[in-house]
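Each of the two complexes below includes subunit A, the first together with subunit B, the second together with subunit C.
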Partner chain A sequence: MSIIEFNNIHRAYKRGIDVLRGVSFSLEKGEVVGLLGKNGAGKTTLMRIAMGMIEPQKGIVSLFGLGPRDEPIQVKRRVGYVSEDQILPEFLRVREVIQLHRGLFPTWDEALEHDLCKRFSLPLNAKIRSLSKGQARQVALLCAVSHRPELLLLDEPAGGLDPAARREFLETSIQMLNETGTTILFSSHYMSDVERLAGRVVMIHEGGVLIDSDIDLLREGHSLVLVPHAPKVTRDALLSIEGCIGVRDRSDAMHAVFRCQPRDALDRVARQFGSTGARHRDVALEEMFIELVGGQS
Partner chain B sequence: MRFATLHHDPAIRSLPRWGAISLATMGVLLGLRAYREISHSPEVQYAHLRNVLGLALTLWIPVSIHALLAGITARCSRLDMTLPLPPRRLWVDHLAAVMISSSIILALCVALLSFQTSGFRGFLNDDLFLRRPTVASLLPLLITGLWLSSALLQTYRPSLRKIHFDRHYALFAATTLTGTFVLIIVLSELPSISAAIPFGLAAWIVVRTYRSLPAAFRHVPLVAATDPESSRATGAVDSTGSRSSPLLRTLWSTIWGWKGVLFLPFVAVFGALLAGLSSWFGDHTDERFANTAICWYMLLAIFPAIMKKLHTLDALPISRKMLFVCLILPGLLAVVAGYGAAELIKEFRSDTVEHIRMSNHNDHFYLTVPPENCEITGKSTIPKNTAPWGEAHEPWRAGLRRDGTIGIYSPFSTPPGSSIEFVAWQISRAVDAVYTESISPGEIESRYLEIDQHGRVVPRNGKLTILADHPDLRVRGTGRLFPFVMLIAFVPFLLLLCVYLSAYRAGVPRTRAVWIAVLLLVGTISIHIAGFVGAILKFYTLWVHTAFIKIIVRHIATVLPGGTPVTWVVCGLLVLLSYLFAQRQFERIELPPAPRQPAD
Partner chain C sequence: MLIVVDPHSGVPVYRQIMDQVKFHVASGLLNAGDELPSTRALSSELGINPMTISKAYSYLEREGVVERRPGRPLVVKAFETNQIHDNRINQLRESLAATVTIAKQLGIRNDEAIAVFRELLENEANPQAPDNEGKEQS
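Showing the complex of A and B:
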């Protein structure tokens, strides 16, 4: 049984303007999946659907085989959730926020809580409203992971944190929990974080899943081909080549992303345009993201 | 630039919304005042002071609600703090914005008062009206008092960018507004130049606070940042304490908070009105059901603000059922508490209140009984009240509408021409109907009635003292009205709430929630105001409507097997069903997400 399963999810906020149009993918136990997409692609919507905070207009989502809207308490107790806009009750002290969560989650691990309090050096008697943004985020993260959730949903959790704090958090929460079998779905605009931590990437674009692949296979199975400008080298012509999934017109050349090995991609370009001087370049995840979503838009 | 700073101040930006809210509040207060003037005899004792108090309070309540609840506690926005603007200028701009907005609110209320004065003058009691202090004589005091209270409220932690609405500020604000009101009342007895006193005080406070402002505003009090306890890092959180207290505190503070503490007593007042609180004044007529729509309004009014705050709880494993209890119960309990308090006070006073009285109108003593002991009629002709010996008289009647056939009549009427035996027989029947014991007509005639020198039947010693002489008498059917009042107060509210919650279903544009809230609030307040306007224009009499409903309740309690206890159970079940229905709607909605931009 999948830990989390999205099946043909549709969601619109305004009639006729769908944010998600038939998104389907699932996560197995222990997977760490990076959720990528441009701003407004629907990553937060998908996370909120998983938490049962909003419901899809079409499609089914299940966590641990349960519907998050049907069994919200059972689901939320097994999930850790941190979002970028998550606001802790500002009138409470850090100590009280932790006590609040401890009371709500039966599986709370006090040893882990103490460990994280020490690591983050949290001022336990300070009120949430007097904390810095980074400290408030650390409190939210502590509360999200200290009950050792079976599924951790992180929606831009490290936004606003400095690089050291970000790495500290990612290593403590994601790696530590994943070692104990927690499944993790996290969205981030930091591609280096995704590359370092995720075993798999799901990229959402224009309401659907554009890429769903292991990160290693993604690197091996995708290639960036730079085709010099020429009258016959057009965007449509490139997109018509088998395996070409994105094209961007850049000043130096047309950048085309292919879902195949570099050699195959070059062969296909040569077959289409003849000898054009096309060359292959290794593609980093960030570059692939830019080429794909930039090229599609 | 100065204009731009003023223009984007929350005090100015919220003016349209709070102008409407203040006008609605003022409309309700004016309706109550006008109605009392029309329907009740003027009280001459302390008339001047009562009128000054009444007028000042009518105008002060809307501006106080605005000052307390309008959310004008941000002295500047986060953006302003990043601009090269000195705090002194930001503070002065905000104070000016608050003073301007409060003055506009006061001006709107005065305009509505003037409109009412001119529009309903022909209907109002001229004697009382002429004695009433004119608004013009009170206005300078009210304006300068308003500026004084605005200046005082801005002295609270002046170094902060935004005042946090905690219990300290709630107490400070409530004390400031009450104290200023008392000052206005005291100064109203002095010559009009006394308005310079609050103005001078306000000016002194402004200058003093202005000088004490820091070089830069702070987001949080300095004491919190330097508190050695708060900055202490430790690896252990006490796990022996209560687990539920942070949860309850979070739920309470998130949903209600200190604004709720200030708001719920207002709701309780309407609960007391539903218990017939207003019948203690004037001529003891009970018009409780005229306040039903305003009760729905009060219970609904807080919801739009609460819904915006629930996103902080959405991700936590807190059931919607529990959230709904926290949302609904305080308001309902406030109504019940207000009702209960009013009933307790009534019970305390009940020994001194005779339910069966003889009242002198136009030189004739009429027998009056509690209106719920009258009967309902839908016909233009009513059978006469006929005594066993054949004496018969037309019963007194009143229509639900002016000249309408549906209405109530008294089976215990004693119109002019009634014999002393007939009056005694009627009083004896009334005692049977009102109390749980009987008193024979003979005893009543010999003990309570006599014929005066004009040949009229009059009570001995000027009044009936049946209850005072028979302390063992108990009123019939006590307690049967409460469940019914709760039924008509809560069930429509819960159903209206369902309509509002439907705007939060998946796929419904968020703007619809705003429109539905406005429609519901305007609708309920319109029903309330229309009720009083109709009464002022004499289309109907409010206490007759209340009596009509009370008679229906009496009959229902009589017809239902089991009587009053079963009425309680049936009404309780209907309220519970409505609650569960509303809860189901709440479980299906999507809570609004966190706002993208802070409101300030």
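Showing the complex of A and C:
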């Protein structure tokens, strides 16, 4: 049984704009999946549907085989959730927020709680409202993982954090993976975090799943070819080559992404244009993301 | 063991780890019987998904670079002396493959490319050689 399963999820907003039009994918135990997509692609909507905070208009979401709105307590006890815009009660002290969570979760691990308090140097007596953005997110993370959840849902958890705090976040997630075998679904605009943490990526685009792939296969199955500018080297000419899925006109050269091995891509470019001085470069995930969805990442 | 991962490089992280372990073995920084850090330890140290480390390790095992013994850390496999030499040659071959591609793309003839390689090697061996072009390279 999958840890979490989205089956044909549809969700539109009041304006009648479809955000999700039939999204399906699932995570098996211990998998770490990076959820990618442009702003507004529906990543947050999907996470909220998983948490039972909103309901899909069509389709079924299940966590551990249970519906988050049918068995909210059963489900939430086994899940940890952190989002960029999460709100903690401002008038409470850090200590009180932690106590509150400790009481809600039978599996709460006090040793882990203390460990994280120390690592994050949290001011236990401070009021939530006096915390920095980074500290508040660390409190949220502590509350999300100290019951050692089977599933972590992280919605832009590092958004707005400085590099040191981001790294803490990453390391805590990795600790959960190592110690608890936690399944993780996370969204992030930081592609380097995705490369570090994710074993698989799911890319949401125009309401559906554009890509669902092992991260290494994704990279190894694509190549980036830089073709020096020349009159015959046009966007259309490149796109007409077999396997070429995206072209960007950059100052140094035309950047073309191919869905094939570098050698094949270079051969095809040479066949089209003759000797051009084209060369291959490994594609970083970020570049591929921009090529595929054309977005601001 | 020094391993550095660059998540922006475009080379899959597991391959970066494999390449560096192989390089350390070929260069003699890692010797037969040396233990590799556990998956967990390396995962925490590098801030990398532990599955990625296991993947790198199992490919290294399949390629015969390391061996797994039940309940013990992975160790670098013992090599025959000539095998160490073979490994070094293989490392060189892999690095040169990219250069060959560039030479082909630039339309350079084989004998010219070989001459350049020979020239660079010889300049490296005698850095004082009175060859201005070579001096800049070394």
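The criterion applied here is as follows: the second predicted complex is superposed on the first by the 229 of 297 C-alpha atoms of A that agree within 3 Å, B and C clash if a C-alpha of one lies under 4 Å from a C-alpha of the other, contacts with A are read in each partner's own complex, and residues count from 1 in each chain.
What we mean here is this: a contact is a pair of C-beta atoms (placed from the backbone, for glycine too) under 8 Å apart; a residue touches a chain by one contact, two chains touch by 3 or more.
As the structure is a computational prediction, the values presented were derived from the model and not from experiment.
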As a test of reading the superposition: which chain, subunit B or subunit C, is in touch with more residues of subunit A? B
So, A:Q175: does it touch subunit B (first), subunit C (second), both, or neither? second
Under the stated touch criterion, which partner chain does A:K232 make contact with: subunit B (first), subunit C (second), both, or neither? neither
For A:S121, is the partner it touches subunit B (first), subunit C (second), both, or none of the two (neither)? first
Help me check something: in the complex, which residues belonging to subunit C touch subunit A? 5, 7-15, 40, 43-44, 47-52, 55, 101-102, 105-107
In the complex, the residues of subunit B that touch subunit A are 164, 166, 220, 224-225, 227, 229-239, 241, 243-247, 249-250, 253-254, 257, 311-312, 314-320, 506-507, 509, 590-591, 593-594, 596
Provide the residue numbers of subunit A that touch subunit B in the complex, in ascending order. 11-15, 48, 51, 53-57, 72-73, 76-77, 81, 83, 85-89, 91-93, 95-105, 110, 113-115, 117-118, 121-127, 129-130
Footprint of subunit C on subunit A - complex, ascending: 30, 32, 167, 170-171, 174-175, 177-178, 191-193, 195-199, 215-216, 219-220, 224, 263, 266, 270, 275, 277-284, 286-287
